[in-house]
Structure formats: C-alpha cells, structure tokens
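Two complexes, one shared chain (chain A), two partners (chain B, chain C).
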Partner chain A sequence: MRGAKSAKWVAGAIVVALAATACGGGGSDSKANGAKQVVMELGEPQNGLIPSNTYESEGSEVMNALFTGLVRYDEKNETQLDMAASIETKDSKVWTIKLKDGYTFHNGEPVTAQSFADAWNYGANQDNTQETNPLYNKIEGYADLNPGEGKKPATDKMKGLKVVDEKTLEVTLTAPFSAFKTMLGFNAFYPLPKAFFKDPKGFETAPIGNGMFKMDGKFVRNQQIKTVKFDKHPDAAEVKIPGVTFKIYNNQDTAYRDLLGGRVDIMDTVPLSAMTTAAKDLGDRYIQGTDSGVGYIGFPIKYNKVYAKPEIRKAISQAIDRKAITEKIFVNTRTPADDFINPLVPGYRSGACGAPCTFDPAAAKKAFDAAGGLPGNKMELGYNADGGHKDWIEAVAAQLEKNLGVDVTVKPFEQFQTILNDLGDKKYSGAFRLAWSMDYPHPENYLRPVFSEDAIEHGSNYSGYVNPQVEKFLDQGDTATTEDAAIKAYQQADDLILKDMPYIPVYFYKLNAGLSKNLKPGVRIDNMTQIDWTTVNPA
Partner chain B sequence: MPENTSATVEESAVPVATAPGSAVKGMKKDKPERVASMWSDARRDLMHNWVFLVSAVLILALLVIAALPGLFTSGDPYAKGFCDLSNSVVPPSGAHWFGFDVQGCDIYTRTIYGTRNSIIVGVLTSVLTTLVGCVLGMVAGLRSGWLDVLVSRFTEIWFAIPTMLGGLLVLAMLGTGNVVTVSLIMAVLGWPQLFRIMRGAVITNKQNDYVMAARALGAGGWRIAMRHILPNALAPVIVVSTINLGVYISAEAAFSYLGIGVQSPNISWGLMISDGQDRFLSAPHMVLFPSLFLSVTVLAFIMLGEAVRDALDPKLR
Partner chain C sequence: MGRYVIRRLLQAIPVLLGATILIYCLVFLLPGDPIQALAGEKKADPNITAILREQYHLNDPLYQRYWYYISGVLTGDFGTDFTGRPVAEIMSETFPVTLNLATIAFAVEAVVGIVAGVFAALGRGKFLDNVVLLSTLLLVSVPVFVLGNVLQLVLGVKWAIAPISYDSEDMTTLILPAVVLASASLAYITRLTRTSMMETMRADYVRTATAKGLSRSRVIVRHALRNAMIPIVTFLGVDLGALMGGAIITERIFNIPGIGGTLYQAVYLRQGTTVVSIVTVLVLVYIAANLIVDLLYAVLDPRIRYA
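Our next item is the complex of A and B:
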C-alpha cells in the first residue's frame, strides 16, 4: 500500500475539503409507500465506486449498501456468514467457500463462485492499480499478477482461486492464515458482475452490486449517490425503507445543521464543534460506541538514529497525559490507548502497554535523561493539517516540553500523504502522527500491516521497524489451527512491539453518530462504521 | 517632512512656492502674523477632531502594548508550561479576564502578545508599499515619456493581481509564513495603488505655478522635486497608507486564519480566531477577545486615516 493515497489510514476525523460545494437538492424525496427516502451524510468518495478500488471510509459506506459480502460482523465483532453458506478449512491454507442460493446482481445476473474469482483476480492485478491490491497477497498466485513495476503479468488469474462449481470456490493461500475467513467481509472481497468487465469506467458511476440497495441514477460527484431498495435481495423483507440517498458534504458543520433540521437522517461522525451539545441536541438519537481506530505517534527509526533507543520512545510515551488529551481536546470522543490492538477485537488486553502508557512525568523525565535524551534537546512532531489534528499534536508538544524539558517544533504538512512522501525521501526525519483503523476485526490486522518487515515494502510500516521475534510470533498466529492459539501468538507479538514501541499508541477512536427525528432510535452501526440497514426504521 | 514647506518661507529663496491652494484660504481666517501652510492647517484641524484624538490614543496604546507586552501581563505565552490542559476552554473569570483556550493557555496574555505581530505586519507593509510606490511614482511622474510608460505598464501588471488571491497563492507555495514573508508579499502586491496616487499627484503638482516660479528662479530639477513637488504630493499618499495599515492588519489575520500566515507557536489574532472557531457555539470567548482586539486596531487605523484625509483635503468635507 505504500504510495497509495489516503487509503485505509485514518487521515482525519474531520474531512476538510477546500472545493466549494454545489450541493443540489437531494434533501427529502417524495414519499414512497408512506416511508421516506433515508438521507445519509457522506464525504466525497476518493475513487469511483468499484469495491476493489475502495479503501477509505466514505466509499466503503456506499459499497456496504450496494453489495452483500460473504461474511458480515455482528455486535460482538464475530464473523457471521452472509452470502456464504459455509466457509471451511482443515489447515487454514485451503479454504472451501460455498454460496447460498437466491442472490442475483441488480441486473439479474446470478451471483456465482466465478463472480468472486473474477473480482478478486481483477483487484489483485497490478495493471488495474486497485487500491486494495495488497489485501489479496495471501492468495496463492498473487505474485504472478504483481511482477513489479514496468513488468507485465504473465497471467490474469491467481492459481489459488479455483471455481469448483457454480456455488463453490476453493481458495488456496500461499501460507496458512487463520484470519482469512474474517478478512472476507471487507469490500475488497465483494463479487463483480460480468457487466463490470465490459465497462469498468462506466461502473464507477453506475455500479451494479448484489446488495440490499441498487443505484437509482448515477453517482453525481460532489452531490449525491441515490439508491433504492432491491426487492429481489433475499433479505429485502427486512429492509423497512424505500432507499438511501448518500448526500455528499464537504463541511461537517453544515451536515450537522441539516441533521438537526431533518434534511439528513444519518450522520456517522458528529463534528467536534457539536460534541458538547450533541447529547442535548439529539437525545436518544445520539449514538456513542466503539470504533476501530487507533491514533499513534510514530518514529522514523530506520531513517533517524536519534529515536533508535526504545527507552527514549517509552519515556516520550510516558510523558503524554492521554487522559487530559482525550477529555479536553477530544471532548471524550476518544479514549486513552493502552494497547496496539483496539478494544473491540478479540485479543485486546486492557493495560497491555503498562507503565509506558501510564502518565508519570517524573519517571518519564528520569528515564529520558538516563537514556541520554535527544541531541540538542530538540524534537519535531509532524501532522497533516487537513484532518483536525492540530489541537492534539500541539497539546502533546506542550506536554513534552513541560514534562521532558525538550523543545518541540510542530510541523504541519498539507496532507497525510505529504508526510509519508517526505519521510520516504528523507526530507523529514521527525516524529509524526498517524492512525490505523481495521479492515476486518482481527488482531492480526493491527499488527502485520503496520509492524512487520513485509509491511515496509507492501504495507504501512512507516517507521521501518523490524524485529525477527515479532515476525516469528505473527507467523505462528497465522498458521495456528485454533482461534485461541492464534490470538495468543498475536498477543506475544503485540507484547514485543509494545516493549520496543516503534509507535506510541495514544488514543482509541470512538463512534459518535447521530440520527434525525425521521428515524427511530436503535440503528446499529458496526465497528467498521457501517450501517446495518435492516435496523433502520422510519419514525 | 511637513516642516520643509513652512521652512521655505523663512528661507525666502522661493517665497512664492509656499502658496498651495489651502494657504490662501487659511490666510483669510487666521491672524495675519501666523504663517499658514497645508500641514500646519492640517495639524490644527486634527487637534480639534475627536475622531483623530480617539484613534490616536488607541493607536498609542496599541504601540505601547506591542513594544512592551510584559507591562500588561505577568505571563509569558512562549514559556514552557504556560498552557495547562486542565484549564482547557475555561470561560472568563475574575483572575483570567479572557478565559482559556483549547490548549489551556490564558487568552488575555496571548492576545496582548499577539498585538506585536499585527502591528509589525501593518507598519512594515505600509512603509514598504509607501517607499516603493513613492519612489517609482515620483520617477514616473517627473520623467514622463518612455520611462513613465514602462513603469506604468509594469505597475499595471502587478495591479491586476488581487492582493488576497496572490497572497494565498504565494504563501501556499512557500508552505509556511511568518511576519516578514506575509509583509513582503502584501507589499509586493500592494505598492501599485500608492504608485498610481503618487504619480497622479506629481503630475498635477508639476504644472502648478509655484513650480514654474521655482524653475524660473533657477532651482534645479532635484530641488524642485524634493522641496516643492514631493511635500505637496505626499498628502494623499499618507492618507491612503494610513488607511491601508488597518487593511493590512486584517489581511494578515485573514492569512493566519487560513493557516498560511503567521504560524504557531508564534501568536497572531487571526490564528487564535481560527483555533477557537471549532467551539464557537459552546465557548465563544476563544474567538471573541482576539476578534475584539483585531476590530479595534483596524478601526483605529482606518479612523486615523480618514481624519488625516479630512484635514489634508478640506474639499472632501
């Protein structure tokens, strides 16, 4: 994923877009069958509406309405079968996926094992430059489709994907991977109809899915995506609304006012400016919950020897008052982090980080000085200015200055990508903020894509951290045959990373969503911030 | 500079030169022994103008604050540990009149210390635009012909760039701004206005009788320019630069508000307003106080400029 744009990295809680908006009508549509079209607030999706090219929260939201995946996640973040009738494996290497009957694409074409194989082959092919490309790298034959820049893949199919019959797909992985089933709920693993391959460009604005809602008209950039209920979906009876219109906003404050005015019905991120009043404004239509994001401060260990000592990084971590930051700056929309694994996935241990994540300025200063401090007593802290990070980064800087006595310079970058580029070009060698939110609810997703050696090249290990012991435990977790053994191995890897602390975990994100008076309270939003559309009921 | 014109009277080398239009008017109502000139008239006018007096007092106060902020507050906003998150967004109280911002910094101290940057930007930009505009305006106005055409066309190119838009572009390209870069950019984009005024005034004054007279008496080009044309052409320039001073201060705030002007940890009112806007509804004091200082400062300079204009150009009254 290196070089990918904002991708799955949480670039900002608040999407600040500079372009002037041209929000057309879209508000309340004519009443159909007595129930009104539901309007949901959305940020502009990064790319066209192709599942394998969607690796950010906004596009993902739309994908979830238009497509039905093999699995979905319930309240406890456990993986439940959705379109799959069964997913079985003996050795975590060869997986047999059987499909349920009755699913068709919105154009009438039945969804078959081939629809999945074609979609994944397309997504994994480097020639198609799909955002989610690295997610297929566990499947055997991925390397053949990705021979490297400038080279042409010799084939357009991964040999690990075998269509046994219309309803059976056999997937062979390069190595055992126990979390593969969990992974399948992410939009990269949705199926694609034949129509897509005839006109991928047209599909970007007029996608044809197999989900509960189908497109009504085209995706109008910067305005809206309108969908209506797809009556032939097997679960159509559970959908109580005529359709969903995703109305695109580039200012969350405007969207919030529209929510209060009933022109928007669902908003999945209440803006910071409304946080102190939201509970009063929305009453029981204010939804607070968990979110999978983790906010870090990272160090370019590979490029800057100054931060090489774990003691220094741990002392910095200990000098940060997480509680004050989450309470005062984030108005309790974040919670202090105490593990690299988010609390909502199995494998999280409260307080796993221990002393380094517990605020203790005196001990921090002592450890910092004992480890030799930083040269020139100076430190740089970079952040992307487009995501509402200024306040908390400045607060961290003030705390480090006060508690460690270092001079901290905060450095705003235009976009998150700019930080990554400057780090890559060695133009910037300071510490930087970043965050990770999961693709699928599994501890593996918090460790391997961020801290493994492989992730330096094909992932998001921007600190350049390598620990062979960590690699060993991650492999152990991948190849474990039972869920418990897998989690135990991942936790051992987690412990080692916490000990080395290449990134400092600072806070966990929380979900703060709001509903308008047009809807009944009780809408379920899962931990990927996806709406469970069967729980949306008109008031 | 204003003394120059009245001084010529005593020198009496070119007695006729002291009689620009207003002097004649002044002669009528004043005691005959008093020497009247445009500048002494203006001074007398201003002393009786409450708008001038109010704005002058305000500006004097702001200048003192800018020069010696330590006199007005005991805190040092640049000190380590000045801000304490436990005070975050605490509203105004008896001990802390302006309350605290998101970072838990005392807003009163920050507002006081923010005065300096605003005043520096305003003064620096005004001085630079006036200098460049005057020099080029004099040259173009005195030396008509190809030089005038050349300079005037060159100016028009710059004139076509709106200050705000051009500033946004350049500052965004530079990435980070500070007091000096912001002033320089605004000066580069702002001088054509003063050039035009100066050139126009010089051309008008050049044809006046007293210039002819001076020339007839054998005064050289340089002497005519410096002693007869410049002092009389300067009035409108001073008026516009004073008004502009306020405008530049608000422009700096706008640039800083947009995140491309003065950068944290430096303090600027625009930056403070931008930081506070997210919670304007729940904690208006974070925006209110820096805005108040900004408005009062801008208003003071614009009022001063208008008062000076009224005094220098009685025709407009």
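Our next item is the complex of A and C:
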C-alpha cells in the first residue's frame, strides 16, 4: 500500500509544481537554430544490441531506430513494405523477397539478400544461443541448425534460404505459413553487415545497422545509447531531428519528472503514479492507444479435473466485472478484453467473446450451479508477486466470492515460473494469472503460441489445452494463400477457443505515452510500441 | 602493529569464504530458473535453454558450481552473468559510481555532523543546540525515500535549481543524492558528537588543560574532540559500508547506475554470480573499514596499543 500512497502524493506534488511553473511563462528560444537531440526514456536492454538476441521491448526500441526491416506496420496496423520492394508467394510456402535499391549499412556496406540470409542463419544456429532462435523455426533447414543440446549442427546454413541474386532472397518454409510476411517486421529478421561476423562481441555495444539512425559512440550500459541521423538512408529527408539519445532509467517516476522538466522528450510508458494527472500535465502531448498485451486467468486443465468443464470456466469468466477492474484498479491503463485476438491486429472482432465476457452475476451463478460448481466450493487463484498483480487478482477473488459464492484462496508465488513449476510438480493445482504479448501483429500470434498443442512444449499453453478442431483451423489459416482467407480461418479457431475458454481473457493493455514540450504533438507509435521517427518533429 | 594487521587480514579469509558460500547457496536456492527468468513469462526455447544451462553449469551440483565460481574468483575471474556479460565488467562500471556517491555522502556527514555536534555541545541548551536537536530529530524520522522524493520535486521540478536525475557527464548531479543518502547518518553523527563532546568536556584532564592556561580552541580540538572521536569513528567506519550497500533507494530515486540497482536487478533475474560478486566486494569494504577503525583507535587514544 505504501507504493500507492506515495504515488498519489507524488502526482499531487507534480500538479503543484506545474501550477507554479505555469506562471513563469517566457518560453525558450534557445533552440531557434535547428532542432536538438531528442531524448527518449528507455529501460536497460537485457542483452547486447544484436537484433537476433533482442526479444524484449527496450532493446527492440533501439533496434527499430538503428535498423530498417523488410516490412513495417502502418496506422491501420497493416503490414507495409519497407526495405522490401516486393514480397510474393503463390502457396505461402515459397516466398520471394526483392529488395529496394539504395540501402547501405552505416559503415557503407550495401545491404544485400546475403545480409539477410547471413543474419537469419546466425540467429537460428543453436551454437549462438540467440534469444529469438525459435522465431526462425518456420524456415526449412531450421532443424539442421538445432540438433539439440550436446550435438553440433552439421551445417551453418538453412537450406530454405536461397540468395538468388544481390537483391533477391527466396525463402522456403517447412510448411505454408501465411503470416510470414507480417512476421518479417520483427527485429529477428533484420539484416546484419559482414562486420558483425568478425566481432559479434564488439557489435553488442557498437551495432552497425541500416536504419535511419546510426550509433554515436558506444552503448554505455545503464546510462545511454546515443545515435545520430544517418544521412545516406533513403528516407533520411523525412527525419526532422538530428538524432535520438536513449537515456536509460531504472525508475519511471524519475523519468516522468524529467519529461515534465524537458530533459526527456519521449516516454512510451507513463508511470502508474502519474496516470491520474498525465492528461492535465501533458495535454495534447499525452498519447493513448491500445497495447499488444492481453491479461488472462488460466486454468490447469491438464493437471486438475475440477476445471475440465467449459461451462465452469465460462461461468467464472462471466462473474468477473472487467470494467470495475480496469477502471478502479488499473485507472484505465487497461480495457476489458472481449476477444483472444488483440484490437491492434487485423482480425480482432469487438465483442467476439459475447456473454461469457459480459458481466452478469445472476446468469453466472446459475450456469455455475447448473454445471455442478467446484468440489468443496473452493477455488485457488495464483499470481506472481513480483509483477504488481496482487490488487487485481484479489479483486477478481472478491468478485468470484461474492458472485458465485465460492471460497477463493489467493496464492502468491515468487515468480511466474514458480507457478508453472508447482503445477508441473503437482504442488499447485489452482487457476493462475498470465499474460501474452505478440511478437508480430497477426491474429495467428495470439492463438498458436498460446492455445495450440505445439505450444504446450514450445509456447505459453500452460493449461495444456488441446482441441483438434482448433488445430485444424490454425493449419487452415497457415496454409491460406490470401490474407482474408487466413484471417477467416484464424477467427474460426478463435471462436472455438472462446467456446472452450481454457484461459479467461480479462483485459487488454493500453499504451500511455508522453511527449515533452520540445516536440510537436502527433508522434505516431506503431502497434509494436515503436516510434515512427518520421513523425517526430521539434516544436 | 604489523602483526596485528596481518592477523586481522588472515581472519578476513574465513569470513569472506563463509559469506560467499552463504550468499551463493541462498541465491541459487531461490526458486526459478535463471535462464527462463530472462525470457519473462514467455516460454524460453527448450533447446536453447538446455544449451545455456549446460554452458553455465546449471545442471551440476551446487558445490561443484561454487567450486567453479570460487576458483575463478581466486584467479581474478569473476565469471559471467547469464547473458554472457563478464561480472568484472559489470562491477567496474557500477562500483565507481556508487563509490563516488558514497564518498561525497561520507564527507558530508563527517564534516557537517562533527562540526554541528561540537557547536551544539559547546552551546548546550542554547538556541543553536536546540536548532541542531530539532533538525536532526526531523532527519532521523523522515525516511530516505520521502526526503529524496521531496527534494527532487521541490529543488528539481519546482524550483529547477537541482538536477532531477544523474548525468554521467556532470558530477555535480551527485551532490543532492549524496546529501539525501547522508541525511540519516548525518543526524546520528551530530547527536553522537554532541553527547560525546559534552561528556569529555567535563572530564578532569580537560579541566586541567584549561587550568594550565591553554587556549580554548586548543582545548576543544586537540584535547576534547580527539578523545570524543572514538565512538564517532566507530560509527563512521561501519557507516561507510552501509552507505555503499544502502544506496539502493537513493540510486533509484535519482536514477544513478550504481551497485544498488544492479544488485536489485540481479537478484530479481537470479543472476547468481553477479549478486555473489558484488556482495563479496561489499563484505570486503566492511572488513577493511572495520580494520581501519580499529587502527584509528590507537591513533586517537594513546592508551590503546596493538601488539
């Protein structure tokens, strides 16, 4: 409770501070000549700055500035070509990627099809233990590079990657995968220059990309990553700022104060403590939108028979007042979830979940009793205590106790992993919270990695849910040759999962970003929470 | 004297070994897989996880892993964390920052604390004494995170006369954090100096010194203060370690990339080698500080001799 109290207090103090400075007026004209370096708040990237070893939001933000990928995601969340001139396929299995001219790495080396092939081969090779390794598993030959622990890969190239000529790359997948083009925007699929392979270790602090910004000096751990505009980039004319400095903060409250003080210009996550005042503090420089995360409550279907009936799971879902939780506990930094597919990706249908996600305590109680309830009228709800989940999980527990009349025991675990271990060791058999956030903006990414049979071993299907019909529709979506047909098949899979409800979708995350007075409003943040640097303009 | 120092240094070896064993076991007995911790809630790839576990000896028994670690340390190699970064590199980046912060804080609390304490003691019951007593009471009772946030908001955001966060290119940004960090100890030192000074000022030898006709300043500084320093030095010595290890809250408020934040992150991500190495160095700092304090006793009080 200490955190919440001091947070309110801090927010109040900021209002006072702002009111005081507002009288000052004056305005600064120190930057009359040309724009100054833009400072963006960043958390410490987990690994060195190698695209294929970057699988978290902070490092990805830097990668996005330093590299230009084959595709990008536009205002409508659709996939547009970026460095690729065309990406074509007839069967969703063999993809021909043609590159645009004029792109070079920051060291002058031209970006060719080989730069992509080399980078992907490196990322997929188990010997390099890159974090994004599993993302290459659709490409033919991935298995050869990943023979398993204790064995050496016999080759260092995937046979599915064929460099046809300098500007053409032909990619063959092990099986058709219609979302492949969308996937290519993720930083695992960025190209790498030859210099990387000479010194991967050095690259970690001095990466050489092909993006709009190049490194200015080295990555100073825990402090900053400084970049300047790369004038030879084909889109350089659209960049209106001299460079971006990523300033690393270990504490968003401090970063927010620096944002108000004008020492930080972009913050992609306004801290919870400032949520009630951010709109007033920032005005039209407060950016709100949807974020790709989904929060669930999961059932251990594989481990515990009492949750086997879908009717029970749906009744529990219906007894949760999502609106109260998102408004009261999350102060509108979440929105009630009504689909397994996030609103940020094509294929989302508002209200797809229907009645089970619509709060109706009377109907929920009726359905719960009709399905036989839970043995002993008892339920356990687990959460990891390290992630700020206590409040909402306790609220859910209170709602279930009130609306269904069950005794809910809330159980904290040290880490999320502990819940899974205890489930596996049969030390725990209750429900648990979890969340998922996409790797690439496609409906497939909200279904297969979470609800497919394959995801029990390789993904986040921690409930052990299996439905052969779902598998069928997912495969249908993968093999579809048009985007529309693919989305339709995924939606059919989605419908079936919503009917079975192995996880309860509770909320979608929201994007709350802020800009300083040094920048004009109107900065676009795409669905991967990455800044569209061409929309950043000095005030 | 020399033999005493050697004996103390030899005593430090089992302390250090014991500390590393204890911390090593504690960190690695925490639930949760360090490789999975890096992937967050997403499942890390089973194959890559298996390779990394083997690479970092995570499948070996604890005593064997401890042996790998400690034999590395003895040859000057602190190993790497689970993202492959050398721990020595992490420490060489973060320790100097914390050391700077702690040194400034130490200077602030020693100088301000002793001076304020002496003046309060000399003017016992007078206005200045009351001011000192009241302000130190305030400093002791306000928690560091409250003081830090208030000063940051008032001086940094509202009046804009002090920096909000640390800037590696501008050392003056460490002054406010150092004052915040020193605040509580500053209050203790002031009060300790005041009490200790008042006591010595009443001692017979001080009265003799005054009777001999020595100047007041000489009596106070050379005769009284020197003797009154013993409890203060004890406190300062222990506090140096506390300042380094306890800087975590201050470092967080002012975004200072020192050992506090690194240690927190390392515990959170189960980066065992990082935690053990940093704590080991902190233990060393404590041992060294305590030894210096003990040696200073002899300097301050001629009656104390180490054979």
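Throughout what follows, the second predicted complex is superposed on the first by the 493 of 539 C-alpha atoms of A that agree within 3 Å, B and C clash if a C-alpha of one lies under 4 Å from a C-alpha of the other, contacts with A are read in each partner's own complex, and residues count from 1 in each chain.
What we mean here is this: a residue touches a chain if its C-beta (ideal position, glycine included) is under 8 Å from a C-beta of that chain, and two chains touch if they have at least 3 such contacts.
This is a predicted model, so every value here is computed, not measured.
Student: Scan A:K402 for contacts with chain B and chain C and give back first, second, both or neither.
Tutor: Only chain B; A:K402 stays clear of chain C.
Student: Please indicate which partner A:N250 is in contact with in the superposed arrangement: first for chain B, second for chain C, both, or neither.
Tutor: A:N250 contacts chain C only, not chain B.
Student: Report for A:A279: first if it touches chain B alone, second if chain C alone, otherwise both or neither.
Tutor: The answer is neither, since A:A279 touches no partner chain.
Student: Just to be sure I read the superposition right, which of the two partners does A:A195 touch: chain B = first, chain C = second, or both, or neither?
Tutor: neither
Student: First (chain B), second (chain C), both or neither: which does A:R221 touch?
Tutor: second
Student: Using the superposition described at the top, determine whether chain B or chain C touches more residues of chain A.
Tutor: The larger set of chain A residues in touch belongs to C.
Student: Let me test your reading of the model: by the given contact rule, A:A371 touches which partner, first (chain B), second (chain C), both or neither?
Tutor: After superposing on A, A:A371 lies clear of both chain B and chain C.
Student: By the touch definition above, which chain A residues appear in both interfaces, chain B in one complex and chain C in the other?
Tutor: Correct list for chain A: 414.
Student: Which stretch or stretches of chain C touch chain A in the complex?
Tutor: Within the complex, chain C touches chain A at residues 30-33, 36-48, 50-52, 54-55, 83-85, 90, 93-94, 145-146, 149-150, 152-153, 156-158, 160, 164-165, 168, 251-255, 257, 261-262, 265, 268.
Student: If we count contacts the way the header does, which residues on chain B are in touch with chain A in the complex?
Tutor: 80-81, 83, 85-86, 88-89, 102-104, 175-176, 259, 263-265, 275, 277-282
Student: Taking the touch rule as given, give the residues of chain A at its contact with chain C in the complex, in rising order.
Tutor: Residue positions touching the partner: 6, 10, 13-14, 16-17, 20-21, 44, 46-48, 55-56, 126-127, 129-131, 133-134, 146, 148-150, 220-224, 248-251, 254-255, 257-258, 260-261, 263, 386, 414-418, 421, 434-436, 457-460.
Student: For chain A, which residues are in contact with chain B within the complex?
Tutor: Answer in residue numbers: 272-274, 276-277, 321, 324-325, 328-329, 385, 390-391, 394-395, 398-399, 401-402, 405, 410, 412, 414.
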